[in-house]
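A single structure is presented below for examination.
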Amino acid sequence: RYGQAEVENQIGAATGLAYTQAGGDTLSIEVSLSKGTGKLTLTGKLGDVMKESAQAALSYVRSRTEELNIDEDFYEKLDIHIHVPEGATPKDGPSAGITMATALVSALTNRPVKKEVGMTGEITLRGRVLPIGGLKEKSLSAHRAGLTTILIPEENDKDLEDIPESVREGLTFIKVNHLDQVLDHALLKE
Amino acid sequence: RYGQAEVENQIGAATGLAYTQAGGDTLSIEVSLSKGTGKLTLTGKLGDVMKESAQAALSYVRSRTEELNIDEDFYEKLDIHIHVPEGATPKDGPSAGITMATALVSALTNRPVKKEVGMTGEITLRGRVLPIGGLKEKSLSAHRAGLTTILIPEENDKDLEDIPESVREGLTFIKVNHLDQVLDHALLKE
Amino acid sequence: RYGQAEVENQIGAATGLAYTQAGGDTLSIEVSLSKGTGKLTLTGKLGDVMKESAQAALSYVRSRTEELNIDEDFYEKLDIHIHVPEGATPKDGPSAGITMATALVSALTNRPVKKEVGMTGEITLRGRVLPIGGLKEKSLSAHRAGLTTILIPEENDKDLEDIPESVREGLTFIKVNHLDQVLDHALLKE
Amino acid sequence: RYGQAEVENQIGAATGLAYTQAGGDTLSIEVSLSKGTGKLTLTGKLGDVMKESAQAALSYVRSRTEELNIDEDFYEKLDIHIHVPEGATPKDGPSAGITMATALVSALTNRPVKKEVGMTGEITLRGRVLPIGGLKEKSLSAHRAGLTTILIPEENDKDLEDIPESVREGLTFIKVNHLDQVLDHALLKE
Amino acid sequence: RYGQAEVENQIGAATGLAYTQAGGDTLSIEVSLSKGTGKLTLTGKLGDVMKESAQAALSYVRSRTEELNIDEDFYEKLDIHIHVPEGATPKDGPSAGITMATALVSALTNRPVKKEVGMTGEITLRGRVLPIGGLKEKSLSAHRAGLTTILIPEENDKDLEDIPESVREGLTFIKVNHLDQVLDHALLKE
Amino acid sequence: RYGQAEVENQIGAATGLAYTQAGGDTLSIEVSLSKGTGKLTLTGKLGDVMKESAQAALSYVRSRTEELNIDEDFYEKLDIHIHVPEGATPKDGPSAGITMATALVSALTNRPVKKEVGMTGEITLRGRVLPIGGLKEKSLSAHRAGLTTILIPEENDKDLEDIPESVREGLTFIKVNHLDQVLDHALLKE
């Protein structure tokens, strides 16, 4: 079952790109907030690296509440659940890091994620965007899903030449090296 | 031992459909609430994917208390136990997600679940209903158990043609893509 | 070492029936309550299914405090230890569920368990009694231990015919489908 | 390294008897209490059954504070450490249960344990003493260590005949079926 | 992907040197602080030894708050996340200890880490710097990354002779035996 | 890398003796105290027996605060980290027990440990010192490291004859059977 772009802009959900044995696929990252005490729940048959990636995304957001216009006490008042649907499919790797951060910021600020945007990139605690693998396959799946813009790590620039002409023409590739740029391109102004 | 439809409408219990190596079977999902502090207990020899499915169902309910007419502080005041009887039989997979959510909402709102309704579908944090496998076998077991209505994911529409005529005539199939629809069809108005 | 019926009616201890590779045996289920904060301890080399069974028994009791005449806050004030003696013998399966619930209710209400009663049956969160295996072997061990009454799940009715005449004559079989019936037959009126 | 009887009566330490592949040996069970919050620590390379045995001993004591003249709130005010020295030697089995309970009661009441007494027996939550294995080997090690009295489970009566005459003459065997008897024989009156 | 020296002095990030099967590489150690309650999170696919190393670094800093000009209550007010990017690459060993301590002190004091400095060395609870392996490979990677100064354990003095002339000329090696020296050389005065 | 005696008397660090496959070695045991809530952290790639040994040492100290002149509430106010440097080397066994207790008492009382003293011996909850293995190899390593006094368990007396004359002459062996003696010989009077 191949993913499709969202029909409407979503709050608390962003579209990532996965590189799997069967090629590429889009990946929905969902964030749910509930009144709570700072408990983090990670589900969707995620491997350890992907779970650590979610923790890095959360720590980045927690350490940047002021700049992101988020209540600095949110972590004491909310429980956070990050889920990646199709719960029977194992998922792993660090490349959903920026997608997780984007979905989190969207949920915490109520700014919708643009439905036509997909993204891939590892996130660091400083918000840096590190390169990922499988850009070609990920691009094909983004194109097939109907996305029109994908955010990619600057260091993956060299891999763009490997993407078929037809796909490259249907997609706008935006190179980013920091999460600030990701949020600028992915979130609506509210 | 094959399941049978409930004899009376139940509060806090809903009927799911399982796809097992031996074919299909109905699955009772029970929810018990006790005065507590938000502890979640999951039992019935559930695999990891099914446990994560229960967590997703709970997070959905927690994030939608207002729309569902549930006390927004319920999670701080109650312990929740979700159990799937026949405790020696291993169970797994995401397809009981909407059944778990339905049993939870029933227990929290005291609205009974209609005894003639079965259901199958993965749930996401946004309440979306994702497609499942084994619809044919599940339908046979629902029919055998005496259910008359089953709720299925919209994306499983294409699998209806594989169900034998005799079974299809004895069952009403209702296609859903969001938990709101599931609750509308499965719960009595109180 | 084969079990024997209790010499006196006990508070906080009930007699179950186990189906083992060596045939059947009686099983003493002990419950100890201490001033505490709701911690549950399960010991006696119990397998996962048997532990989950104890959790189901406890959740049933917690959700029915009013009907059972138990202080609704007991879980916040007491620690509960459920132990199955002969600590070196591995034990598993869901069929001690109703015995665990009976011992718990006995301990919490101070109503003694009748010393001549044994019982076997899976419990669900709604207090339903589900069928079990090995009724024949369990009956032989109950008879050998000197029990005179055993409570069995209604759905095991069909297995009574397999029990030898001599044993069937020495035992009164009472069929139950809900824990209310179990407690009626197993507990003294105080 | 074979154990020796204590040189002085000890508070918070009792002598058990172990049945090992190399025959029998005495076993020192030490209990240390510190100002705390009810944390239980079990060390000495203990197997799961022996750890559960310690938990049973503790629960028995906790549920009998009044009869044992122990502050009913002790569990909220103290941390308890039970250690079995010779920390590199693996130990397991339920037969140190009554020794653990005796050392605990000694530590909590400041009544010394008689230095010439050894003991062996499984404990249940009701304080019952269940039979154990290896009585012959255990008796030999008790004798070698210089103990003069050993407390054994009543049900092990039948195994006394297997103990060599010379050992039987040097030891007083006291048969017990409840921890009350154990404490009567093992603890000094203070 | 080989690491590069930082482009700007960083607060809360320091550059370590790793010795891997593929030779040497630089390693970025990131520390993120958030309002919290003293929870420590360690990510980046770290092995047990590297995690223990981070704990040692943290304990050193916690026990030296006065000398380091850090609020002595920081641990009760902050959650600390230490992450090592390139989350899919397994990392282990004690040699990042002083780098972790440096990044921590930088984050807690807001003193930037000099961008041209790399470092390697095990840390002890007393702040001592213990020798490490692979100095040759680590030096090559430091040189390739554009670092100009590397801090090494005094006891590794004897390994300097194995480093190629060309690399040795491009790097200043500073020998240290205590973390005080590391911080003197690695942190700006603010 | 062979250990060397400390250059100065240390507070919170004591020298143990390890018996390894490569012979003997000295072992530094470091204790770090920080404002906290009684959390115990054990690092240095320690095996289970060595970790339990540390717990026994701590419990002994906690239960003897009065005699040791330590604030009886220290455990509620401090976090304790015990680390054994050379974090990549696996370590195990109970023989560092008295060294851990000595380092702990030193840290809690600010009494320095004499730099020329090494020690080896299992500790029990009552402060008893039990015999250890490898005394010959341990003595050789103590001698090589420059230690002049080593504390050994009384029961190891019989192993002294196996130590080469040259080593025996360079070392003072002090036999101990209780931690009180260890502390008398190892700690300065302050």
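The chains carry the letters A, B, C, D, E and F, assigned in the order they are written, with residues numbered from 1 in each.
Convention: a residue touches a chain if its C-beta (ideal position, glycine included) is under 8 Å from a C-beta of that chain, and two chains touch if they have at least 3 such contacts.
Bear in mind the structure is a predicted one, so any value in this text is a computation, not a measurement.
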_Please report the minimal path length, in steps, between chain A and chain E on the chain touch graph._
1
*Could you label the chain D-chain F interface same or different, taking same to mean over half of its residue numbers are used by both chains?*
different
*What is the size of the turn, to the nearest 5°, that moves the C-alpha atoms of chain B onto the matching ones in chain E?*
120
*With chain centres set to the mean of the C-alpha atoms, which chain is at the far end from chain E?*
C
*Which chain has its C-alpha centroid at the greatest distance from the C-alpha centroid of chain D?*
A
*From the C-alpha centre of chain C to that of chain F, how far is it in Å?*
51
_Just the number, please: Cα centre separation of chain A and chain D in whole Å._
59
_Quick check: how many Å separate the C-alpha centres of chain B and chain C?_
30
_Multi-chain contact sites of chain A, meaning residues that touch two or more partners_ = none
_Traversal of the chain ring from chain B via chain C_ = B, C, D, F, E, A
*asked:* Residue numbers of chain F touching chain D in their complex, please.
replied: 38, 48-49, 52-53, 55-56, 59-60, 62-63, 72-73, 75-76, 93-94, 97, 122, 124-126, 128, 130-131, 155
*Which residues of chain C touch chain D in the complex?*
1, 10, 12-13, 28, 30-36, 41, 43-45, 79, 81, 83, 85-88
